[in-house]
Amino acid sequence: MPADRPELAAKAVAAQPDLVILDLEDAIPLAGKAGARAALETAVAGVGGAMPVFVRVNPVSSGLFADDLAAVPGDAAGLVVPKFDATSQLESLSRATSLPVIAGIETVRGVADARDLLAPPVVGCYFGAEDYVADLGGVRTDANGEVAVARALVAMAARLAGIPALDMVTIDLHDDHRFSTEAHDARALGYAGKLCIHPRQVSLANTAFLPSDAEVAWATRLLAAFDDARGATIAFEGQMVDEVVAARARAILRVAPAS
Amino acid sequence: MPADRPELAAKAVAAQPDLVILDLEDAIPLAGKAGARAALETAVAGVGGAMPVFVRVNPVSSGLFADDLAAVPGDAAGLVVPKFDATSQLESLSRATSLPVIAGIETVRGVADARDLLAPPVVGCYFGAEDYVADLGGVRTDANGEVAVARALVAMAARLAGIPALDMVTIDLHDDHRFSTEAHDARALGYAGKLCIHPRQVSLANTAFLPSDAEVAWATRLLAAFDDARGATIAFEGQMVDEVVAARARAILRVAPAS
Amino acid sequence: MPADRPELAAKAVAAQPDLVILDLEDAIPLAGKAGARAALETAVAGVGGAMPVFVRVNPVSSGLFADDLAAVPGDAAGLVVPKFDATSQLESLSRATSLPVIAGIETVRGVADARDLLAPPVVGCYFGAEDYVADLGGVRTDANGEVAVARALVAMAARLAGIPALDMVTIDLHDDHRFSTEAHDARALGYAGKLCIHPRQVSLANTAFLPSDAEVAWATRLLAAFDDARGATIAFEGQMVDEVVAARARAILRVAPAS
């Protein structure tokens, strides 16, 4: 949510996201940065501890970073640092703050160097498709073909760093189908969640990133059969099942919502 | 155009490409190389300064390179160097010529090392799908799936080098739909243009790589609304618009053809 | 085939694969490893020299590797080493065995570092989609979108190493369409073959990785026309044909089955 709209905090909380991000960057025009910084305390108070609050500051090299950082309330849980694309910024961050950082990988350089960039104090990252394509000089399309490789590379880099990756925003506010399709694709690619820009998107994300009832039922049946066979390779519902497939089934049950 | 067919220069010029490339490489069989070199002056004269003329020489390591280079007319604007895939070739080129170079990235090694290869005197590059797939030992298909990753990586490397990338040729001479679809995809991926092998393809490329009327109209409406909101995040025609999306709209108007 | 099922060797041989792999890893539960090792000799004898036999051992770092290696029969042709993802394992292998190795690239680290990993004694590799996606924390889907980038990168790395790459298994035992579609896609991407987990898949693979009759006929016609033109660029059946396209046609005839 834009940091200058603290009255939106109640709606954000009601949507039950895993965390709330107060944006000082792209959502706030230059003339509004000071006002948005001044509103951070009220916005954090509006969330009221219901979930962690992160503040998206302007990029480290933007000239706005120091003032942004000084304005971050003491009860903020962390920073989101956009357009993160130089390892020198890791040192700048470590010197400037002890807060955990979610890094925005959203430039061509950021994607190309993601493996080196995702290191402490970075504890998570997101892929920013709109900024990435603007930097690339490309065109955003509904089919997302222009971000397919970059989006996969960011998820791979996050896995190598052992941190969660969050999928790109869907700027179409009312296109639930697009949001859910992208969320499903993102989960398949290894993303742990998806950035939301509207409360209605949060429940779509929460649904998409948890195993479906059908997946849970499949995993339960499969593991029963695999245990019966004492771990020997079996044919199960037309598929060969060995330890690898069983491991995937166990992973589904591990994160499945309690029924 | 094949360098041994200088009579085609008039047709090439009439099609109004951004530049003309006279090919000494794959278009010319070994027995014809000497004749094609001898025809370069006539071909350049045929273009008559209407647009820059580049000469595609044979690869640096081909054994034909020195003779090709010696034959390049003084009024050629630059070289196209195919199968460019070793950084040592950068030094060879710098020693051998002061002409700007468009590098052909069209081997697996070239794609994998593109980030290091795209350095001065290279001022542009193209992705060569036919050669790439031949080197890969794969199969060219209509769907282009076999080149999807390589094609994206080349555009990313060009962006990191700050130079334009040109998309692969479409060897289907009469399949305008394929050419235009590929050109649109290429523009989305960040390509600045597309190699043409027939005059009829040039206008298709010129159309595809400029914003459409619909894009220009969208960008104009969007920026009016965004300016009205003084840069605050707005909902515009169902999409969230912030500084990033506005920047994309400005980029469209910057390159739009004058109406 | 699971190494503890030597009675399956006759079926495997009858399917006429290029080689047989006896699996000690995912197909065999921990309690069965010793029994499967003891059955290796019988299984190799069952193949009876009809084609080379490789033994898939457990990963180098699994704690099972040494015992697996000690059990490999003297007439085994080589090892398959799964979850291969550290260059230190190259030295471990060189010290431990003089057998050629097919490396399983099936972790995120393995894919990211494939170019360094594919070195002697590795003489081939396979891409393991099930393990890769499990390691990635993603979801396996019918459309294979979640493995598209990794699968392409492995084929590229294999080409740079000058070794053949084998495509992922298809665990759907009765879905011939999926198997064949994947095999065709894999061939386009530069894969030389595909792992099979059921005898019925072998003939599908053998068909998919050889040029079709239509490809052979096209290549024959094209080369006749190109030779008539003495290597000059020609328009052939609506396509521009130059040396690159002719080289692809020659490659098709080189591997085509004798008619």
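Every chain is named by a letter (A, B and C) in the order it is written, and numbering of its residues begins at 1.
In this text, contacts are C-beta pairs under 8 Å (C-beta built on N, C-alpha and C of every residue); 3 or more make two chains touch, one makes a residue touch a chain.
What you see is a predicted model, and the numbers here were worked out from it, not measured in a lab.
Same residues or different residues: which describes how chain A and chain B meet, taking over half shared numbers as same?
Counting which numbers both chains contribute, under half are shared, so the two copies meet through different residues.
After a C-alpha superposition of chain A on chain C, what does the rotation angle come to, in degrees rounded to the nearest 5?
That pair's rotation angle lands at 120 degrees.
Centre to centre, by mean C-alpha position, how many angstrom separate chain A and chain B?
35
Mark out which residues of chain A touch at least two other chains, giving numbers and ranges.
148-149
Once bound in the complex, which stretches of chain B touch chain A?
Listed in rising order, the residues are 115, 148-149, 152-153, 155-156, 159-160, 185, 187-190, 192, 230-233, 235, 238-245, 247-248, 251.
Of all residues in chain A, which touch chain B in the complex?
Residue list for chain A touching chain B: 2, 4, 25-32, 108-109, 111-112, 128, 130-131, 133-141, 145-146, 148-150, 169, 171-175, 197-198.
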